[in-house]
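Order of writing sets the chain letters: A, B and C. Residues in each chain are counted from 1.
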Amino acid sequence: MIHSTAKIGRNVTIKEDGIIGENVTLEDDVYIDYGCIIRDNVHIKKGSFIGARTIIGEYLMDFYKDKTNKVHPLIIGENALIRTENVIYGDTIIGDNFQSGHKVTIREKTIIGNNVRVGTLSDIQGYCEIGNYVGIHSNVHIGQKSKINDYVWIFPYVVLTNDPTPPSEVMLGVTIDSFAVIATGSIILPGVHVCEDGFVGAGAVVNRDVPKETVVVGNPAKEICSVSKIKNKLTGELVYPWRYTFKRGMPWEESGYESWYNSLDIRGDEKNV
Amino acid sequence: MIHSTAKIGRNVTIKEDGIIGENVTLEDDVYIDYGCIIRDNVHIKKGSFIGARTIIGEYLMDFYKDKTNKVHPLIIGENALIRTENVIYGDTIIGDNFQSGHKVTIREKTIIGNNVRVGTLSDIQGYCEIGNYVGIHSNVHIGQKSKINDYVWIFPYVVLTNDPTPPSEVMLGVTIDSFAVIATGSIILPGVHVCEDGFVGAGAVVNRDVPKETVVVGNPAKEICSVSKIKNKLTGELVYPWRYTFKRGMPWEESGYESWYNSLDIRGDEKNV
Amino acid sequence: MIHSTAKIGRNVTIKEDGIIGENVTLEDDVYIDYGCIIRDNVHIKKGSFIGARTIIGEYLMDFYKDKTNKVHPLIIGENALIRTENVIYGDTIIGDNFQSGHKVTIREKTIIGNNVRVGTLSDIQGYCEIGNYVGIHSNVHIGQKSKINDYVWIFPYVVLTNDPTPPSEVMLGVTIDSFAVIATGSIILPGVHVCEDGFVGAGAVVNRDVPKETVVVGNPAKEICSVSKIKNKLTGELVYPWRYTFKRGMPWEESGYESWYNSLDIRGDEKNV
């Protein structure tokens, strides 16, 4: 069922049992796999793929009062690869080249930059800001009011919390600065600020700010060293800050970080990293 | 497909691709969104909303032997708000005003009171008792034989376990008394009893009972203080027992806890809190 | 929609809204519940049950380049019981008597033996080897390059990691030997080897190998004793190695482990346990 007001571009594929609502825009070369529900006012930009049974433009709380859909626009950027059974709410903006695993939830009032990846089962609770080139792995929970800057990595089963005295009406989100790494299964307590190049070890419970370029581990987390001390166990080489040693999928993939960064300067672009 | 034996009340909405089984009762003003499977013998009370592709009355193990559905009734109370892709088994009773997030699983032999909320991805494994006004956040795992009393809060990624020497045939469920708070990512070991107003800190691994009004933190969890010592970091005010400082969605929302409690007494109601 | 090239055995049930792709084989007595997507080149052996809306033969990354399915065969053994909304990728082999909960994800290049169980929400990330009689409980994350031998138990919210210096291109999988037990919520760091009969306590963060028959607990995990010291708290009886005290669903269910093991010898079978 495709609503008569939907705008469908060229070379768009819509597989069986799809539902396309009012005022939906599907740009050229969009592919909607079997059984998707694209609710009203969703705009999906060109070249994006939507996996089977994903729900885009899910209802906000105001729907349930009178069972009528209010206007909560949702924009999904170009060349998205959204796998099966995601649920993405209205009032959200997702940038270009977004990729998600299966069964991801993204709630309302979330702003996501370009080149972001979110793994299977992750749950972004809404009212969040996520920068560019952020990698969120599987089964990560991003509480409301979280702010995640560019080039941050968050690994499986990490939870960013927000209520300092649960249950309460207060929400103190977590802030994670650029190039920080939050390893598997760590819990970041409300209002904590992880500074640039900070590294939170696996299973840490972090109740204080993590200074720049600092490694914290344990429950409760304690500072143990500078990230510059961490070596690759196999090669003995220094690894961090990781932008000098890792480039797959990054804007410096071709040239390495330093050349890329210097080229930004030469071209006069805003040098924000 | 709506089975001929189904009883459908007034002003019921059933969206496309729904399946309504034998002896299903949908009371007045029920709304069944797109693609739900309501299996045999399910009773959904008035005003309830069932989100897209939710499965209600899921098969128990006895189905798989001969692929025929046995009678395992399921009752969902009035004014439920069940979001998309939940799976709720037969032989379960859910009270009024239930709310769930996306992709929640609730297995057989679960008894849930009124005004309970269960967040996205949470998994209630069955053979559990959950009281009234219990808040279970996202991605919580409630093992079989758990008993959760009224006004309990359980935050994301908490696990209530039940096997003291895994793998074994023994099941020692966790018991959580009224007004207790179990913070994010804590693990409660088998048979542990968290007493009234107990507070389990984030990331704690709890292998002993938690006394009344006591805070435990760490791995393994240790008692650190009375809950009456915890202050709001911003205002310096004391916070716990939380029923005196938090009221949203509680029966004392209008009047505050003390007035509400005293009014119970005056009216001669059973004073069970 | 059943593709004309599909081979359908005797007494096969395919419920409404199913999609059966090219070159799919469904052997005798297979049951495909409502709304399943069985993509091209999937082979499901006799007596298997596929729960509602499960997707079998999911696309690998090479699909997305030109939106055409490449040949990535998938074999599911006899008598599987796969519950609702699983997603299982191509290029995977699953043995006989497999059971899964709801919403399980199994990615490509996974080889799973016979009599394996995987609980609700668990996520096997692919490029893994899993032996026979392995029990993986709910919401477990098995990273790429993990090797899990026969008779291993893994409990809820365990994560097997693989990147020693995240983010990096290195993948050092975890190896778990036969009869080991990994309790709830523990995190096994990259390259760690848990030896035969090893026991990882709940909530442990394991950054070193676990010797044979050894218990480790804590964050970071430390050795505390031999598994032979662990007693059942109720009866005082010794419990481990568990194969002498637990037999439900094991090949020694009838006779007990010792008789079964000795009978293997007498019959001249390969004595590999």
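Quick note on the criterion: a contact is a pair of C-beta atoms (placed from the backbone, for glycine too) under 8 Å apart; a residue touches a chain by one contact, two chains touch by 3 or more.
Since the structure is predicted, the reported quantities are computational estimates derived from the model, not experimental observations.
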Same or different contact residues where subunit B meets its copy subunit A, judged by the half mark: different
For subunit A placed onto subunit C, the superposition rotation in degrees, Cα atoms, nearest 5: 120
Interchain centroid distance [CA atoms averaged], subunit A/subunit B, Å: 29
Interface hub residues of subunit B, defined as touching at least two other chains: 17, 35, 53, 85, 103, 121, 139, 157, 185, 203, 219
Complex contact set, residues of subunit A against subunit B: 1, 17, 19, 35, 37, 53, 55, 58, 64, 67, 85, 87, 103, 105, 121, 123, 125, 139, 141, 143, 157, 159, 161, 163-170, 185, 187, 189, 191, 205, 219-220
Touch list for subunit A against partner subunit C, complex: 13, 16-17, 31, 34-35, 49, 52-53, 81, 84-85, 101-103, 120-121, 135, 138-139, 153, 155-157, 181, 183-185, 202-203, 217-219, 230, 232-234, 239-240, 242, 245-246, 248
